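Labels run A, B, C and D following the written order; every chain starts at residue 1.
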Amino acid sequence: MLNSLWLIPVWPLLGFLVNGFFGRRIGKTAVGTIACGSVGLSLLASLGALGKLLARPAEARRVEQVLAPWIGAGNFQADWGLLLDPLSAVMILVVSGVGFLIHVYSIGYMREDPDYPRFFTYLNLFTFSMLMLVLANNYLLLYVFWEAVGLCSYLLIGFWFEKKSAADAGKKAFIVNRVGDFGFALGVMLLWTSLGTLRYDQVFAAAPAQLVAGGGVVTAITLLLFLGATGKSAQIPLYVWLPDAMEGPTPVSALIHAATMVTAGVYMVARSAPLFTLAPLSLSVVAWIGGLTAVFAATIALVQTDIKRIVAYSTISQLGYMFLGCGVGAYAAAIFHLMTHAFFKALLFLGSGSVIHGLSGEQDIRKMGGLRKHMPITAWTFLIAALANAGIFPLAGFWSKDEILYGAAAGGYGAVWALGAGGAFLTAFYMLRCYYLTFEGRSRVEPEAAHHLHESPPVMTVPLVILAVFAALVGFVGVPPEHGAYHRFVEPVFAGAKQVAGHAASVGEVPMAILSLVIALVGVWLATRFYVWRPEIPARMVERYPAAYRTLLHKYYVDELYDALIVEPIRRGSLWLWRRFDEPVIDGSVNGIGALIRIGSLALRRVQTGYVMSYVLSFIVGVVAILGYLAFWR
Amino acid sequence: MPSSLPQISWGAMLPMLLVAGAGILILILDPLTPPARRDRLAALALVGIVAAAVALWVRRGRPEVVFGGMLAADAFALFFNLLFLLVAGLTLLISLPYVRRVGMDHGGYYALLLFSTLGMMIMASSLDLMTIFLGLETLSISLYILAGFLREQLKSNESALKYLLLGAFASGFLLYGIALVYGATGSINLKRVAEAIASGKVANPLLLTIGMGLLIIGFGFKVAAVPFHMWTPDVYEGAPTSVTAFMIAGTKAAAFAAFLRILMTALPVLQPDWSRVLWVLAVLTMTVGNVVAIAQSNIKRMLAYSSIAHAGYILVALVAANKLGSGSILFYLTAYTFMNLGAFAVVVALARQDGERVIIDDYAGLGLKYPFLGAAMALFMFSLAGIPPTGGFMGKFYIFSAAIQANYIGLAIVGVLNSVISVFYYLRITVVMYMGQGEAESRPAGLSPALGLAVLIAILGTLQLGLFPSRFLEVALRSVGALLL
Amino acid sequence: MSVPLSAYLILSAYLFAMGVVGVATRRNALIIFMSIELMLNAVNLSFLAFARFLNSMDGQIFVFFVMVVAAAEVAVGLAIIIAIYRNKETVDVAELNLLKW
Amino acid sequence: MSNFSLVSTVVFLPLVGVGMLLLVDRRREAAIKHLTFAVSVLTFLVSLQLYRGFQLNVPGMQFVERKPWIAGLGVQYFVGVDGISLLLVLLTTFLTAIAILSSYTAITTWVKEYMICMLLLETGMLGVFVALDLVLFYVFWEGMLIPMYFLIGVWGGPRRIYATLKFFLYTMAGGVLMLVGIIALYYLNGGRPGGEYTFDLLKMYGLDLPLRTQIWLFLAFAVAFAIKVPMFPFHTWLPDAHVEAPTAGSVILAGVLLKMGTYGFLRFALPLFPEATRYFTPLFSWLAIIGILYGALVSMVQPDLKKLVAYSSVSHLGFVMLGIFALTIQGVEGGILQMINHGLSTGALFLLVGMIYERRHTRMIEDFGGLARVIPVFTAFFLLVTLSSIGLPGLNGFVGEFLILVGTFQVNVLYAVLATSGVILAAVYMLWMFQRVMFGKVTHEANRRLTDLTAREVAVLVPVLLFIVWIGIYPRPFLATTEASVKQLLAQVHIRYRADEPRGGTPPIPTESGKVGMGPRVMDASREPRAERGAEGQRGRGAEGINIVSAGDRAGSALAQANRPQTTDDRRGARHAQ
């Protein structure tokens, strides 16, 4: 298995090709089987690879294979090369594992959709691209699949393209990501220009020697790379696309916009840990952006009413935690959170999908309530995921989030820790709010939707249950904190990065864990008070702080701000360029020369009057000029 | 003063005698020929032309000076005489269907065509200002008559009168110039004039300079240089189409032949002076000719302005005053002959049954309807515009090469920009022919074999000069070797 | 003993200029013709003066040819003018402007 | 191969086709179409033989044929190909065949004349790419205008006459100035001591002109090429020509004709006038960048599909020019690859627009919407081509763009940053267009009845798409083809420069100065091959596995790079980085 890493990503590629070319002819069952089967094969291959990797000694857990040369121009060289190390092993497991479950779930969720084959074609393409992204052995290849997953995201968000909002959202996602990729690409160029290579191993080997730690170049490289990460992983300032991306089918939100693709930024930063380590400034930027995003998105989530958007803002917030972790040097914790998050967030989305499915498309939690009686599996699994997300002991989220917060505190990032802790409180609150409004209390379901309200079929609920198990238990691979099986496996990857981010402050692990648990529990308690015991409180709050409420509801008006500051000026400017500059000035001057000659022609033509006298006159003028010149001016 | 009768070399004279003889014979036979058989007279004229060409050809490579130094049968004369015979021959082919249609198929027409050809031949062969003047007048007087040959048509009358008045007026200046040069140098023989100037024996330099200026004016009129060009459009528009074709190609070539011979043989020492004057004339001529041509709607008039512009290009080569420049004039005039006569042949061929088609818009849609004539016309227009791979391009290429070689880069730039302007009106013909919507009624007069032959010769000539210009350029360069002593 | 060459030349130039002015200002085709004849004859005067001054025959011979050519031109010219008169009943060149622009 | 003139065969085979077409009765339209297509395919196949026989490791001209043409002036029929022209020749023969196949149903009038024009055009274009004599080049350069002029003018849209005249006059205006430059060059070359009066391009490469002269001559050439490219601000003929041209005309126009301009820079302007090239590098780089951004912005607001694509060409060609004027091996190779890419992608876009136009007789974006539901196959093709056009990794556009950007980044960070932002805009205008055409609900009844692609249309598109994917995934054969030639070109451009520069005149630049872009540059090694470096870089390159170059040009170990003593090579990098 380790000798042929290509076996891991190749299956979804085949699935993509088969479904893409023949999907409409072979029937839904075949399409679904091929799609799920291919991802299943990848999962098996990944597990096999993991097993082989584990069998090796810790320092030999690194396999690199170059499949083929790719771009070569002068001394620029990039290959089709794969790299499997513990970091990518974790990633491929998450991708193929969660991906497989979501594929299966989609069979049920998308059953009625006429574009069923197209859906699975895209989904397979995504899985392939995502696997390649995490397996790439150089930055350029990473960039390639970085954009490829962006493309899949574009296609899947806009899957129901007849809906304008969906098509718009897809486009927005792609373009906002392009802005991030702009930074990524420049970072890659600067990296190559500075080091002459893009292969991870060579870059990391050369960087400490050739780049001055804390110097401008490495800071620029890392910040540019991080700009790319903010795009893909929906951080401030480029997070705006992710909430809109909820226009896509719910499995897509689960797979791409929660579990896998959006974490690519975190993966990239973690992968680049040796570089970031050289740039403390960049690290603190990462930490601060992460922390701010965590709180910022959480506040928005407090008042949203669309179930998927709540989860989406929660995703942004959780991604913020991961960056926070990276920023404080707790890369392993960040990746740990990435992994646990993949499970419980996918579960949250799939649960919401189940709800939406059951309510025939309704997404507004104000029109839900009391659903637990009708769809118990969904409700319980959702609750597990919500609590995991809120960081309640002993669910998966608790372990990983605690580790990040501990890293921040231990690294001496007090302010960042405070942000994270505040975010944790908010998270617990809005997650429980979401759960209560959806599943508890009295039903506010519209009558016709209530009519065929039902629990989802097993093909959907079984993945829910499996995910719930993981969401509950997967945290234990990281127990005890910082020294669990997970850490022993992954930590060597970040060995080089550790040296800088040493523990600056001495804080006890256990007290910190208890503290963060308490914070989360307060959030849970408050949510319960607001939405179960005293349901009139939220309305009062709204009345008392209308401005704050409106600001949160409108997501701080960031979309409007971007529209006014960037989108509109560009659009108007372009129109101006075309109508007021290109046509009249540039083209005008071209046509103007032509017109001038034509006018000259019409004018000169009139000299030719037809009268012999004037011809003679012209003749005489010529005579006088020539003879005068020759006689006098010569 | 002992003098002897000059030696007369009949062999060297034979071509001119054949042309003159054929003309006189036609005049004699004309009353004896029934109107229906008048094409026999044309055949006779053609025979005369071909015979003259053969007579010229067999004497190639044997330069000779005859009539006591007044005429030369050198390579330069040979080249131009053959060119004039080509012009005359093609004109005859074009004339055959045309003159019958417009009712001017008299013997006189053919005879005058031959006489004016004779005048051209004399001009190109002259080594003496007097013979040049005589050739010029022989040519001009015949053309005055030819221009007015459509006696019933006022336009033709007007054309002839304008041509005559202005031509005679210009002749006066030319003559005055000859007189002053004669007075200043004591001779009318080109070589002796040159010798006199070179040896510094000129009594009054001002007289010489003014004489040179007047010569430039006189020839400026003949080649239609701005501002002496005003007659050209009117005369070319009003004259019968076949005559216009003949004038546009023949007169210009003859005038440039004599002009070139005078400047290079008699006045090389004054080159800085005349180059400066001609520089201005060239710029004016190119620009005015091209710019005004844009606004024309009559194809004959447009081609008249175009001929003015082409005179400007050739003046550029004169300005350069080097071997390549002189050679390029010969080359250019040949290409010019092919493309202009070809274009006129197409104009004649596309005439309607009931009359000529001279308004450009009347050609709408004909290009695709008559593929051969359309393609031919397009080729001639592209060639006139100087777009490769045609003779017109190669001609311009040589001319501008000569100018750049002589370091007249500004002039070359003006020239090439002018050729861009010219593209506009040449392309307009193709635009109308290929991209316009034609009316259905127009049935053309049909393509007679003679016309077809003329078009074909013109096409082959244009392409030959464009694709394989090498040999021809060598011939042209060798021919001008005779001038540069 | 004799009139200097320059006197002949000045007279010749004066006559020539008269002819030019005549051509430029008169509207009757016949009178224009006469003016042109005047120009030619002015040149003839120059030729003769030069020939005499230079003691050369060329000028004198030239004059003969010029006279012949002038005669031919007049003949052709009159024929054309008659043709126009038949068609238009005028010899005023100011009325002949069918061809223009 | 030496006694068989392969290049001439390729160039003049279409002309033979014209001869055969003349013999076919104009009413037998099907036969005419098939014959033309067969000739174009044959030409393509023969041109593939060029590729087969091409030796990758030879930088100079191959398949050279030389015959005197105009003996008196030293004009020759002198043709040959190097890596750069070979790719363009292949592109030409390929796209011509595609374009001819695409016009089977689009052209209903004067089929015979149309096909003759296409074949004449092919000969003209091929001639431009293989001519190595300046006059011969010029003859093809201008002569090619004639068939294109007719293609637009006769078979074009409503404003075709305006468009075709503008195209013709604009292009020619630039061309004639170049002619003056060519002739001046001839006399300068012949007039120097020991010089030979010849239009032989290769002999002129050795010409050593003073900077002032170079500047003027460079301008004479550059204006001609810049108009053809078209670079901002000489671009306005392009949208008009594209909008009015028939589909095949647009394909050829975008696919091949524009490349003549960029090719001209590479073949003539740069190597002939190296110092002037240096002198003008900032100007042309800025024009290229303006073109990138300007083209993209204006493209964004176009209501007409063809116009949108036309302006996007301005943007894409800006990339090509930027890469060329980076004067680094990545930049130039990327530029060349991007020429091919643009030919394929934009060609395919025009094909697709043409196909939809044939069905709906409109190209206005607002007349469409929701097509994805009606014609899914078309949509799939359109999507792929759109993505290729916006430079999505994995497809061809990315490889070229990225190499260009990398090549530019080395010499000037600001240029690279601005150009990279053009990549964002590309996504904006293309995706917005795609959304408006394909997504949403079907709003026009006429669109509901659209039929999907026919087998012939698929056959037209599939070869193009194959190349689009191929270049994206495995561009090596293409890059390897050009590499040796590009190195030689850069050597030509740089060699004088180095000779002029006093050695050690510039202080060494610190390895890490803390300033972005001040680090040592991994310069094009062509100037200073260091064969001993880059131990891990040894790998056979080239499709045929020929090991052309020692690994000296490879990145090598980055350490060696940093420790390398600073030479004047770095001077340029330093200058740009300021």
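We adopt the following convention: a contact is a pair of C-beta atoms (placed from the backbone, for glycine too) under 8 Å apart; a residue touches a chain by one contact, two chains touch by 3 or more.
The structure displayed is predicted, hence computed values, not measured ones.
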Higher-contact pair (C-beta pairs counted), A-B versus A-C: A-B
Per CA centroids, the chain at the heart of the structure shown is D
In whole angstrom, what separates the CA-based centres of chain A and chain B? 78
So, what's the distance in Å between the C-alpha centres of chain C and chain A? 97
Roughly how many whole angstrom separate the Cα centroids of chain B and chain C? 26
Just how far, in Å, is the C-alpha centre of chain D from the one of chain C? 66
Quick check: what residues of chain B touch more than one other chain, meaning two or more? 162, 165, 169, 233-234, 295, 424
Residues within chain A bordering two or more other chains: 594, 605, 608, 610, 612, 616
In chain C, what residues contact two or more other chains? 20, 23, 32, 93, 96-101
What is the complete set of touching chain pairs? A-B, A-C, A-D, B-C, B-D
Chain C residues touching chain B in their complex are 9, 16, 19-20, 23, 29, 32-33, 36, 39-40, 42-43, 46-47, 49-50, 53-54, 56, 58-59, 61-62, 65-66, 69, 72-73, 76-77, 79-81, 83-84, 87-88, 93, 96-101
Given the complex with chain B, which residues does chain A contribute to the contact? 594, 597-598, 600-602, 604-605, 608, 610, 612, 614-616, 618-619, 621-623, 626-627, 629-631, 634
Mind listing the chain C positions that touch chain A in their complex? 20, 23-25, 27, 32, 93-94, 96-101
As the complex stands, chain B meets chain D at residues 368, 371, 382, 387-389, 393, 397-398, 400-401, 404-405, 409, 412-413, 416-417, 419-420, 423-424, 427, 430-431, 434-435, 468-470, 473-474, 477
Quick check: in the complex, which residue numbers of chain D touch chain B? 68-73, 75, 110, 113, 135, 138-140, 142-143, 145-146, 149-150, 153-154, 160-161, 164-165, 168-169, 172-173, 176-177, 179-180, 183-184, 186-187
